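Here's the structure, in structure tokens; my notes come after.
Chain nomenclature is as follows: A, B, C and D, assigned in order of appearance, with residue numbering initiated at 1 for each chain independently.
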Amino acid sequence: MMYLAKPSLWRIVKAQYAFKLKAHIGVFASLVAVNLLGIALSLSFSSQFGISMGQIWLSMRSISNEAVLWVTVLWAFVVAVLLTTKDYSDLDFTFVSNCISHNLSNAVLLITWSIAAGTFAALGAVLLRLVAFFVFPDDAIVAQNVFLAPLELVVGAAVSSMYMLLAGCIGYLGGKLMQAGSLLALLTPLFALAFAMLGGGGEDVLRGVQSITGFIMHETSLLLFVAKSLGTAGLIFGLAFLLSHDTEVKRQ
Amino acid sequence: MKAIECIGLNKVYGENVAVDSLSLVVEHNKMTGIIGPNGAGKTTLLKLIAGFLKATAGEMRVFGEAPFNNLRVSANAIFIDDRMVFPSSLCLDDICRMAARVYANWDHKLARGLLDYFALNPKLCHAHLSRGQKSTVNAILGLAAHCPLTIFDEPTLGMDVGVRRDFYRALLKDYMQHPRSILFSSHMLLEVEDILEDIVLLKDGYKVLHLPLPQLTEYAVGLAGNSDALCALTENREVLHTRQISSCFSYVVIKNDLKRGDLQQAQLSGVDITAVPAADLCVYLTEQRKGGIDDVFSQTKSVANR
Amino acid sequence: MRLDADTMKPIYLQIAEWLETQILSGKIACDEKVFSQYQLAEMFNINPATAAKGLSILADKGILYKKRGLGMFASPDAKAQILDQRKGEKLKHLVLELVLEAGRLGIAEAELTEMMRQANEELKGEVQS
Amino acid sequence: MIVLWLLGLAWFGLTVYAVGKLGVSVTRQHLQWLLIGHLITLLVSPFALHLLPTERFAPIVDAATLSDARVANRELLQSALRGRPSSVTGVHRTREWRFPMSGLALTVIGAVPQLPVVIEHKTGRDGIVEVALYRTPSIQDMVDISRQIPLPVELSFSVNALTVVQPVARGAHFLRFSPDAPAQALLLALEPQGVLPSVSLRGAQVLYIRIPANVEIKDPDPSLLFVDREGP
């Protein structure tokens, strides 16, 4: 008689993670595309102002890598939502899985993707500078913020990764909400809005949102920042997990 | 040991009752066919067993544990159907390697051998396969996983006759070498009845019967002969199926509780007694339609004559 | 080797009959081991449980006997038993047909026995001459 | 630049067309190479940045340089008039011309506003007119933009006449990068790095002409200035 296998959760999570990482290589490819898109956007939406110095016209073009960052944040959100859709979600259940291993491997996957995206976004800022050199061959380059210090790069990558992780967790929660039932997904923002209306107008809510983002964004210690963002991300992800714990696998 | 045990199992989707207070016990290491017409609840039952779905009511145990959301049951069961999701970017080899990582009994040699036999290049993408090839690959995964509980839900959709025959034989041989619990759902009983041991017949979400196949072939008898003689014979008996062949000649299927004397009587009154093939019997037992398809034509004829 | 799918006979009966024919034709000798349920399942592409049922029918009739741990063997009198059984079945069936036909033709029982006696004598005569 | 964009767009369109029409299947290998290629590009770019030609950089000036430049700006003309145009720190001699001349009278034509012309008599009689353009740094928002906006002054010399050609109005384009936004949020707190003070300092220029001792300026233009030698 065949013996019954005693699976270890960790082994299954590892296998699922490795499988999905490999299977969703397209996600990484899209990250490359998004990175390039962000660079292109940064170049085309550079702000410009001019001053005249007698006979000479001075024009100053400012290029910021914020577009790279925000496009990547959007990417992290979309990818996380995508991860909750049936085709991606049911992949685990083709073979051995339960909700815990499914969500855990997704969490590890999101972390991996966030770190990759954060690193890409931070290094994208450098590539942006390099590309700008060639795209604007007639422009003189102001020798400020051209070279990013290694520390600046590392901190930039770490902070960006945390933004990506937060966006990813929010996307994951949203996706799971949508999967759990379209009604709930529809009602949640409505409830939030109604609550905002009744609870003293939108300004309070805005202030609330600001205090939450400020809680994370206006942190001066890298360690504290990482701890705060990880905590928040974990909270959001935990909510998504609780929400999807009883979901059935439809596979159709 | 019991592979599957369910008591008063219910599964309701909104208004639709897919599984209706079903009780079933499947012993371990049996090859069981889950048979029933479309919409009988076969797939729902199998998904409940695989732990994909949560029962609305009732109890369900697979290897002694509740299967829903259970990693232990999942690791010991594989569910094969034509809607299996695979990443489009991975080749068959990658998929096999993943299966090898999560299934303790995975037989890589068998998987490779079968892929080779069916001329499926391991470097091929799952997404680029035809429907029949996909079904073949899924079936190969189901065989090679050597799961203590192997569930095939209509695994042969899209396969051509030759491949189907090979698959049935491969299933049988593998089953004999590695006995395990196999559930096989199909609406084409005729092809698979030989390799099955037990049959569970479903209709509208409830269990019509659960019998070993030899008993199923003795479950009913077909009587063909003069309608009057048949009437006498079928009195006080459970009639499963009637077909009027001509004005005074008909074919009746009744539950087989005939005594020796009854047989004699039948023979004397010129009634032919035949066995009923299992596939036909299953159709008769799950018929939702009143009468037969012939009645539709006789009715339209009588309307036209009027 | 294939089983006749068209016949209404259940497979396990076909298996039993096939084994009987093998014994009758001498392919399986007395006290020789017969095919196991797994060999039969392989040969006929059927579930081993079904094959086992075919074997157990023969065992019940005494045509096969079981040696613990070794498998099923043909009984010493297997051949004779099968012959007996087939004779009995076939003749009984023919006689029933005969009686039914005689009834339809309105032939009395005495007349029928007379006809059988005559036929028997004629046959004897032919054999002698 | 537009051409570059159009080329990029055309390339993108072609790729999409090729993948769609020719059924070129994008396999995992392709994606892997794309990923690896991009990653290498990203990792190499910080080093590649250091290989770029430094001529295109406009340096940032510090407070000391700025105050030097302010002083130089103010004092260039004065020191030029005293015969020492390069004595002030921060003054650069950007262009030089040397013209041999035969006569004894030189005509200087075309006074340009904002470009004082200072003439000095040399002690020797070598028959050579030396012209030099002196300037102090131009600074905009602490960026030294002098190199990028050389004064487009041209001189032509014919038949003992020196013509100063009016500078053509032209523009200078600058590119500046904002600091890395996410890193900034944290690093700003570590080392305060305020926005650069918005200073606009237009560099002063002087065209300094040295003529042989025996040469006279013909028809002196009232705007021409002569070196006022104090002492020997």
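Convention: a contact is a pair of C-beta atoms (placed from the backbone, for glycine too) under 8 Å apart; a residue touches a chain by one contact, two chains touch by 3 or more.
What you see is a predicted model, and the numbers here were worked out from it, not measured in a lab.
Under the touch definition stated at the top, subunit C and subunit D share these contacting partners: B. Looking at A-D and A-B, the interface holding more C-beta pairs in contact is that of A-D.
Chain centres here are Cα averages; for subunit A and subunit D they lie 43 Å apart. Subunit A and subunit B have Cα centroids lying 47 Å from one another.
Rounded to whole angstrom, the centroid-to-centroid distance between subunit A and subunit C, based on C-alpha atoms, equals 78 Å. Rounded to whole angstrom units, the spacing between the C-alpha centres of subunit B and subunit C is 33.
The residues of subunit A that reach two or more other chains are 22, 25-26, listed in rising order.
In subunit B, the positions touching at least two other chains are 89-90.
The part of subunit D that touches subunit B in the complex is made up of residues 25, 27-28, 31. Of all residues in subunit A, those touching subunit D in their complex are 22, 25-26, 28-29, 32, 35-36, 40, 50-51, 53-66, 69, 119-130, 132-133, 135-136, 138-148, 151-153, 155-156, 159-160, 163, 217-222, 225. Across the complex, subunit A is touched by residues 28-29, 47, 51-54, 63, 68-72, 74-76, 78, 81, 83-87, 89-90, 94, 98-99, 101-105, 146-148, 178-180 of subunit B. Interface residues of subunit A, counted against subunit B in their complex, comprise 1-7, 9, 11-12, 15-16, 18-20, 22-26, 86-87, 90-91, 93-101, 245-246, 248-252. Listing the residues of subunit D that touch subunit A in their complex gives 1, 4, 8, 28, 31-32, 34-35, 38, 41-43, 45-46, 48-50, 52, 56-60, 114, 138, 140-141, 143, 145, 147-149, 152, 167-183, 185-187, 189-190, 196, 200, 202.
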